[in-house]
Every structure is written in C-alpha cells, then in structure tokens.
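The next part holds the structures, each set out as structure tokens.
Look at the two complexes coming up: subunit A is in both, with subunit B in one and subunit C in the other.
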Partner chain A sequence: MSVPTVEVVGIEKSYLRTRALSGISFTTGAGITGLLGPNGAGKTTLLRMMATVLAPDAGDLHLLGWDPREPDERLAIRRRLGYMPQEPGFHKAFTAFEFVDYIAILKEMVDTKARHDEVRRVLTLVGLEGVMGRKIKALSGGMRRRLAIAQAFLGDPDLLILDEPTAGLDPEQRLRFREIVSERSEDRTVILSTHQTEDVAALCPRVVVMNEGRSLFDGTPQELAAVAANRVWLAGERAPGARLSWRTGDGAHRNIGDAPVGADLVEPTVEDGYLLLVGQGALDEEAA
Partner chain B sequence: MSWHADAQTLERYATNTLDDVHAYSLEAHLLTCERCRMGVGNAVDRAGLDELWDAIAAVVDAPAPGPVERGLLALGIRQHIARLLAATPSLRISWLGAQAFLLGLTAFSVSVSDGTPRESTALVAFLTVAALLPVAGVAIAYGPGVDPTYEVGLASPMRSFRLLLIRAVAVLGTSIALATVAATAIPGLPWVSAAWLLPSLGLTLATLVASTYVRPVMAAAVVSGTWALVVTSAAYRVHDGLAAFRGQGQVWFVFIIALSVVLLAARRSAFEQGAGT
Partner chain C sequence: MLTGARTAAREARAVAIPTAMARPRLDVVRALGRVETRKLLRHPAFLAGLGLAAFFLLQATLGAFDSEDGGGDQIDIGAVFVIVIGVALFMATPMGTNACALRTDRSGLRELYGSLPSVPQTRTAALLLGLVRGPVLLTAAVAVVAYPVLRAVPEFEEHVDLVLLAQAPLTTLALGAIGVGLARWLRHPIGGPLIVVAHVFTPLIWALPWVAPASGPDGFEMGWHYGYLGAQIALWVSIAFAGDRRRGRALIVPALALVAVVVCAAQQIPEGGIA
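Moving on to the complex of A and B:
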C-alpha cells in the first residue's frame, strides 16, 4: 500500500444509547477506497469524522498525517479536503454558479477571477456548464447531486470524502462520475460510501465492508467476491440450505450459502460476497 | 486615405507608450483604416490580449447577483463578503419584510394608544419585539438545521466563528436600523423608545454564547423565554410595565454584554467542530 493518508484506529461513537461505531480500524493511502454497508452500518458517521465535522468518542484518527482534534491541524486538513455529505443542502435561491462560488469562498478562494475560473472548471467537469445561470430550485435531483459533487472538487483536494455520491444519478451520469473520480485518484485519497456494489467493483481497488459499526472485511473487490467462492449456485427453486436466495431475471434462483453436493456453482460477484457477509438485512434493503 | 502610421508608431500605440495627443489622433484614424488596424493587431501582445479577453468573458458570463447581493454591493461591501451574506436566511427580503411589518405594527400601536403612551402595554410590546428580533435573526443566520450548507461549511477552512460573526453583525445592524426607523413613529420620541438597544445586543450575544452548547434555535428560545419572564416578573414586582427597560435593567445589560463577549471569545472553538449539534 502507498503511504497511509487515512488512519482509523479503534474509533468509537455513540448517539445517546445507540452505538454507531464500535472500535473500527483501517488504514488507507492514495487511491479510491469504498465503504460498503447497509443503512445504519456507521458509514456516514465515519465519513463525517473524516470530514472533520464530528469528533469520535474514543480512538485515533489521522488524516493526511494530521490529527483533526488539534485546531491548527484540523485547519490544515480542511484546506486539502473536499467533502460531499450524504444529504447535501443548497441555498435554492442561488444559481448553480453562485452556489459553487459560495462554497469556493468558504474554501478561502478570495481572488474573484481565479475563483470564478475554478467554479467554471468544476461545473464543466460534472457536465453542468450549460445550467450555470439556472436557479438551484429549477434543477433536477440528478443535477443537484452533480452540483454537490462539483463543490467537493473545488481546489483539486488531496482528500476527497464522498457520501453516496452516485445515489440519484442515471447510468450515464454514474459512468461519468466514475471517469472523473478515477482520473483524479492516482495521487489523491478518495473515500466514498455506497450501496452500489457495481460502483465498488468498477471503481475501488480497495473496499471496506461495514456493519453495525464494525469492519467485516477489508481488501480488494476480487477478494470480496472470493468470500463467496464455491458458495453461489443456481437452482430451479430456493435451495433449503441457502442463507440467501432470490429469483433472477431468467427464472432461476441464485442461492448463496453452503452449496449442496452437485450444485450448479457459478462465479461469485462482489455483490455475492457482500451479501454473504452482511446477510439477510442487506438483501431486504436492496429489495426495498 | 492619404496617410498610414509607420510601424514604430503602431508598436508604441500597441504597447501603450505613445503620448496621448498622437494616440488620440491614431485612434481616430484607426476607425477608418483597415491596414493600420491590422498593423496594430500584429503589434499587440497575443498572450496579454487573450488574458484580457478571458477576463472580459469571465465578467460577462458570470450570472448577475440577486437583489440582496446587489444591495450589499451598492453599500460598498466586498463581493465575497456580499455572497456570504446573501446566503444568510435572516437577510432574505421575506425575513426583512416580516421584521419591518412587526416593528411598524407595534410602533403604530404605541402612537395610537390613548392615555400615557410611555407606560402603555403597546410600548412594552414594541420594546420587547425590537429587542428580540435580532435574537431570532442571528439564531437562523448560521448553524445546524437552519443553514442548508452548514455541514459543508464546517468542513471548509473558513472558520465557522468568523462566518457566524460576519452574519451576526449584518443581521444585528439591519435589525437595529429597522427598529430605529420604527421608533421614530413613537410620539415625542421619549428616551425609553431607544431602551431596546442594549437588551437587543445583550440578548443576541447571550444567544451566541448559548449556541456553543445547544443548537442556535434552541439557544434563542431559551434566552428569549428567560427574557420574557424577567420583563413580566419585573413589571409585576414594581407595578411598572417598563421596569426591565429602565436604568437598573440597562446596567444589567451592560454587564451581560461584557460577560458574553468574554465567554464568546473563550468558547469560540466550540463552533469549529459540530458544536451544538
């Protein structure tokens, strides 16, 4: 692995009596790391800590070599950080340009010309150059999502924290997003959370599967798929021993679990490995 | 066309080193002479020209700011500060309009009340409203639950405390200006019609201090509720509706302002990492 840029050691966080993170640890460096997990797994809590907006109850966190608990170091992190929250808010009376310009000002870009050039650059990056002057309240949900992505790219940050960036994007926009992120990930650290296993398979050389505030898996997407090796098979109906089973488009049942002797084993996917790890809860969520 | 400028003159014009008299003469000539225009074009620094064109295009392409931002720019406020203020919920036209309406209504009630207006309930209502409006305005100026970009703002290098102060000063200034205008409608302009000023500063600062512990709206509710209780109990205790606004009350507010400034300076770092969330 490259030089560690994000070090998470035994992080804990509780909200009243609900424990969101239970001593999670992992380390990552330049490149894209995907956080995969069902709702309530603690992904957003962890990303908010990495975005320096939430302090852990216990444990150590270092970002780009700095400790966000120290005010000066936190400021240094924020100067190199791009953050897209799970539910980005907008000043809807602003135009797309004004909104990104506003965030650019918060990022200490005071020179008007340089700032406006940067605003145009990021809006063009996400394909919103044609609607720069349009009010946010007149933009579609997908466009707003892209606007939130655009502001995270302001200033070409070294650490990019993206909470479910592809939610609400159509397939074409999702491909464009993958292209933008992968182009910029070579010497930068990108941490993104997603429910989409295909995003992880296509984009992330590294994946951390979380559930109930813990890390269940840490490795490559191929290794995640391999978790389900010899444990995925097709049958005409739900197999009695299957932990998970669903009817596919061609009518066969895809079963995951301990395969019976003679089962029609198939190559496992990232999704199979993920579902096997997190179990029925995730399957119910995907179905919903 | 009887004459053409020589190459040296054109170059001096293009590099802005030609004296004014010859430059004006040449400009008049360039309007009608294509050959000399081309000569100037060849002498101009291309990179500089491109840079100038980019700058013009950037200004032309930038969307026109909204009414609040235009007003702030007209007051001489710098562009980036004006944009920060334009995103303040309590500086929207609708909020300012509601504020002006409420102040105007209570001031009008004082002006038409019979008997002794200085002692009237209407006057107490005006003073209370004038003191509390900035508290409400500051509470919804910045913070979790009121600013849709709060979380992204918190993760940005601009200190939240600085942003909060910029907005609080703007909101306070606007509220004070509106209340001052409304107070002029009170007959005779007694001194007590300005007795809201120190309470409004004190209550606003107290709200900011409380916002380092709880959400700003909750902080404003607690401070306002406490203030309303103080006004009411003081009025019943000495049988004077204006008791809380008289000399002793004003002295208390000087103390509250000083204490709040000290506490705010000591607690300012609490705004930098999701404090009050």
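Moving on to the complex of A and C:
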C-alpha cells in the first residue's frame, strides 16, 4: 500500500444511546476504497468524520497527515477535500452553474475567470454541460446527483469522500462515474460508500465491509468474493441448509451457505461474500 | 421538560459541525457578496414585498388625497412615487434578507458547507454585503432623487432635509440586518413577514428603526436618532454573527448594542413626549 492518507484508529461514536461506531480501525492510501455495509452500519457516520463535519467520541483520525481535531489542521484538510454527502441539498432556485459556482467561492476560489472555467470543467466532467443554465428545480434526480458529484470534484481535491454517489444514477451514468473516479484515483485517495457491490467490484482495489459500527472485512474484492468460496451453489429449488437463496433469471436457485456434499458449486461474487459476511455478522450478533 | 431540553442539547452537541477558523476571508466575502446582491434583488420574497408594499401604499396614499381634496389633480405624483418606493424598500428588504439567510437551512446544505474551508460567518458577512450593495444603495439612490422632488412640494419643504433623507439607507440597512439576524435564530420563513407586520401594525417605532423628522412639533434629537440607528445595525449584525457561533461569548456585543439601542431610544424623545 502507498503512504497512508487516511488513518482510522479505534473510532467510536454514539448518538445518545445509539452506538454508531464501535472502535473501527483501518488505514488507506492513494486509490479507491469502498465501504460496503447495510443501512445503519455506520458508513455515513464514518464518512462524515472523514469530511470533518462530525467529531468522534474516542479514537484517532488522521487525514492527509493532519488531525481534524486541531482547528488549523482541520482547515488544511478542508482545503484539500471534496465531499459529497449522502443527501446533498441544493438551492433549487439557483441554476446548476450558479450552485457549483457558489460552492467554488466557499472553497476559496476567488478569481472569477479561473473559477468559472473550473465550474464549467466539473460540470462537463459529469455530463451536465448542456444544462448549466437550467434551474436545479427543473433537473431530474439523476442530474442532481451528478451535480453533487461535480461540486465534489472542484479544485481536483487530494481526498474525495463520496457517500453513495451512484444511488439514483442510470447504468450509463454509473459507467461514466466509474470512468471519472478511476481516472482520478491514481495519486489521490477516494473513499466511497455504496450498497452496489458491482461498483465495488468494478472500481475499488480495496473494500471494507462494515456492520453494526464495526469492520467485518478489510481486503480486496477478490478476497471478499473468496469468503464465499465453496459456499455458493445452484439447485433446482431452495436448499434447506442455505442461509440465503433466490431464484435467478434462468429458473435455478442460487443458494449461499454451507453447501451439501455434491452440490453444483459456482464461482462466488463480491455480492455473495458480502451477503455471507453480513448475514454471519447478524447471526453472531443474535447468538451473543 | 428540563430532561428533554438537556437531551436535545446533548444531541445537538453530538452532531455539531466543528468550525475551522474564527474569521471569514475578505476576498471570499467580496466574491460571495456579488452573488448575494444579485440573489437578494431577484428574490421572490424581496420582489413580492416591494410589489405588495408599493401597491398598498399607493392605494392608501391616493385614497387619502382623493378624500381630502376631492380629486387627484392636487397630488404631486413625483413626491408620492419616491415616498412609496422608499417605504416599499424598507418593507421588502427584511423579507428578502430573511428569506436569503434561511436558504442554507431550508436547502439542507449545512453538512456540505461544513466540509468547506469557509466558516459560516462568511455567508452571513456576504449576505450583509449584498444588502449594502443592493437594497441600501437603491434606497440611497431613491433618497438622492427624493431630495429635490420633495423639496419642491410646499407641504414637505420645511421637513425634508439631508439629515432626514440620510436616515433612509441606514434604516434599510438596519431592517435588512434584522432579517438576517432573525433568520440565524428563528429558522422559519415566518420571520420576514413578522418584522413587517410588527413594524407597520404595532407601535414599535422604539423597537424597530424608522426615519424620524428632525424639525416640527414631533422633531427628534437627531444625534440620538442616528446613534439609535447605528446601535440597531450593530445589534442585529452582531446577533446574526452570534447565531453562527452559538457561544456565550458571542452574545457580549449584542448585549452592549442592546444597551446602546435602549439609551439612544430614551434620549431622542423630545421634551413633553411624542405628540
């Protein structure tokens, strides 16, 4: 791994009596790291901390070598950060250009010409060059999502935090998103959370699976798929010992769990590994 | 109830966005101020306030002239026009600034803005700059036009002087600052209309800024009145910034400004009270 740009050590966070993060730790450097996990796993809480908008209750966090607890260092991080929240808001009476321009000013881009060029660049990057002058209230959900992605790319940040960036994008837009992000990840750190295991498999050399505020897995997508090795099989019907089972398009049942002897084993996917891990986590939780 | 308040405070602390630095950058404020000027002058709340105030004032003024003189031919249209535009600007400005100041909360952008290097005070300062560059300059322009127009009307001549007209842009600034300050603490769109209703329909001349005549039987002490306007501006600007910081220390300046408002309000009352 390259020089670590994000170091998360024993981070804890509670909202009153609800524990969102329970001592999560991982380290990552340049490249794309995907955070996978079910709703309520703590992904958004962790990303908000990395975006310096939430303070942890305990633990250490270092971003780009700085400690966000220190006001000066927090400012230094924010100057090199691009963040797309899970539910990005918009000034709906602004045009797409005006909105990104407003964010660009708040990112301390004060030279008008250079800023406007940068705004046009990021809007073109996400394919919104044709609707720059259109009011946000007239844009579709997918276009608004791309607008939120565009503002995160302003100033070519060293650390990009994207919370479910592909939610609501159509397949073509998702492919375009993958292209943009992968182009920029060679010497930059990108951390994205998603429910889409295909995005993780296609984009991320590194994946962290979270559940109940803890890290269940930290490795490559191949290693995550390998968690389900010899535990995925096809059958004509739902197997009694399967932890999960669903009917596929060709009529066969895809079963995940402890395969019976002689089962028709198939190559596991990232999704299989993820489902098995999260399902196992839930079972362990129940047993405890 | 106390437990509920304590829980709410704990919850607010748990999700509070840590700020990066204490002061806004001036070049960022200037750049953002340009955007805020445009947005404020084109804001539906400002335009609607302007239109509605002008409409009702014109109705009332023309009606009064009609009933007194038995015909509209006695009316100095120019004088009516500048007065109506000036007063409409007073009414529309707090509506517009209040709506613009609420924009971030209503759009759910606090989290995204929190991740940016500019502190919340930057947006407040930019909005106040937009207020000065927009409605305040407009009011000043109206006052400049109003001076010769009103002086030409015999009934107004003795009352209208530079001391009176110079209050107009300061009043707009104070009313606009009230709109921003209120929005930082009352995060609801009712704030703007509330100011206008309070101003027009209640005897709140001592609580809200207004243009006061220097001469005549109701003449005010102008030194104190200017001090009053200045203190009102200081009060609401500092309340707006205190709303961004939400710390006890940030309330020191508003408290001092409030004392100045009360002292100036008390001192400017002419001997024998207000007729």
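Basically, the second predicted complex is superposed on the first by the 279 of 288 C-alpha atoms of A that agree within 3 Å, B and C clash if a C-alpha of one lies under 4 Å from a C-alpha of the other, contacts with A are read in each partner's own complex, and residues count from 1 in each chain.
Keep in mind that, in the parts below, a residue touches a chain if its C-beta (ideal position, glycine included) is under 8 Å from a C-beta of that chain, and two chains touch if they have at least 3 such contacts.
What you are looking at is a predicted structure, and each value in this text was computed from that prediction instead of being measured.
Look at subunit A after the overlay: subunit B and subunit C clash there.
When the shared chain is aligned, subunit B comes close enough to touch A:97, but subunit C does not.
In the superposition on chain A, A:106 makes contact with both subunit B and subunit C.
By the touch criterion defined above, A:55 lies against subunit B and subunit C together after alignment on the C-alpha atoms of chain A. When both complexes are overlaid on chain A, the residue A:79 reaches subunit B and subunit C alike. When the shared chain is aligned, subunit B and subunit C each come close enough to touch A:89. Once the two complexes are overlaid on the shared chain, A:15 sits against subunit C while remaining clear of subunit B. When both complexes are overlaid on chain A, the residue A:132 reaches subunit B alone and has no touch with subunit C. When the two complexes are overlaid on their common chain A, residue A:168 makes contact with neither subunit B nor subunit C.
Among the listed stretches 57-65, 93-101 or 147-155 of subunit C, only 93-101 clashes with subunit B once the two complexes are superposed. The residues of subunit A shared by its contacts with subunit B and with subunit C are 48, 51-55, 68, 71, 74-75, 78-79, 81, 83, 85, 88-92, 98, 101-103, 105-108, 110, 112, 115, 151, 161. Residues of subunit B touching subunit A in their complex: 55, 58, 61-63, 65-66, 79-80, 83-84, 86-87, 92, 147-159, 163, 269, 272-274, 277.
Only residues 7, 10-11, 14-21, 25, 27-28, 30-32, 35, 103, 107-118, 122-123 of subunit C touch subunit A when the two sit together in their complex.
Contact residues on subunit A toward subunit C in their complex (touch as defined above): 14-16, 48, 51-55, 68-69, 71-72, 74-75, 78-79, 81, 83, 85, 87-92, 98, 101-103, 105-108, 110, 112, 115, 151, 161. Across the interface of their complex, subunit B is touched by residues 48, 51-55, 68, 71, 74-75, 78-79, 81, 83-85, 88-95, 97-98, 101-103, 105-108, 110, 112-113, 115-117, 120, 132-133, 151, 161 of subunit A.
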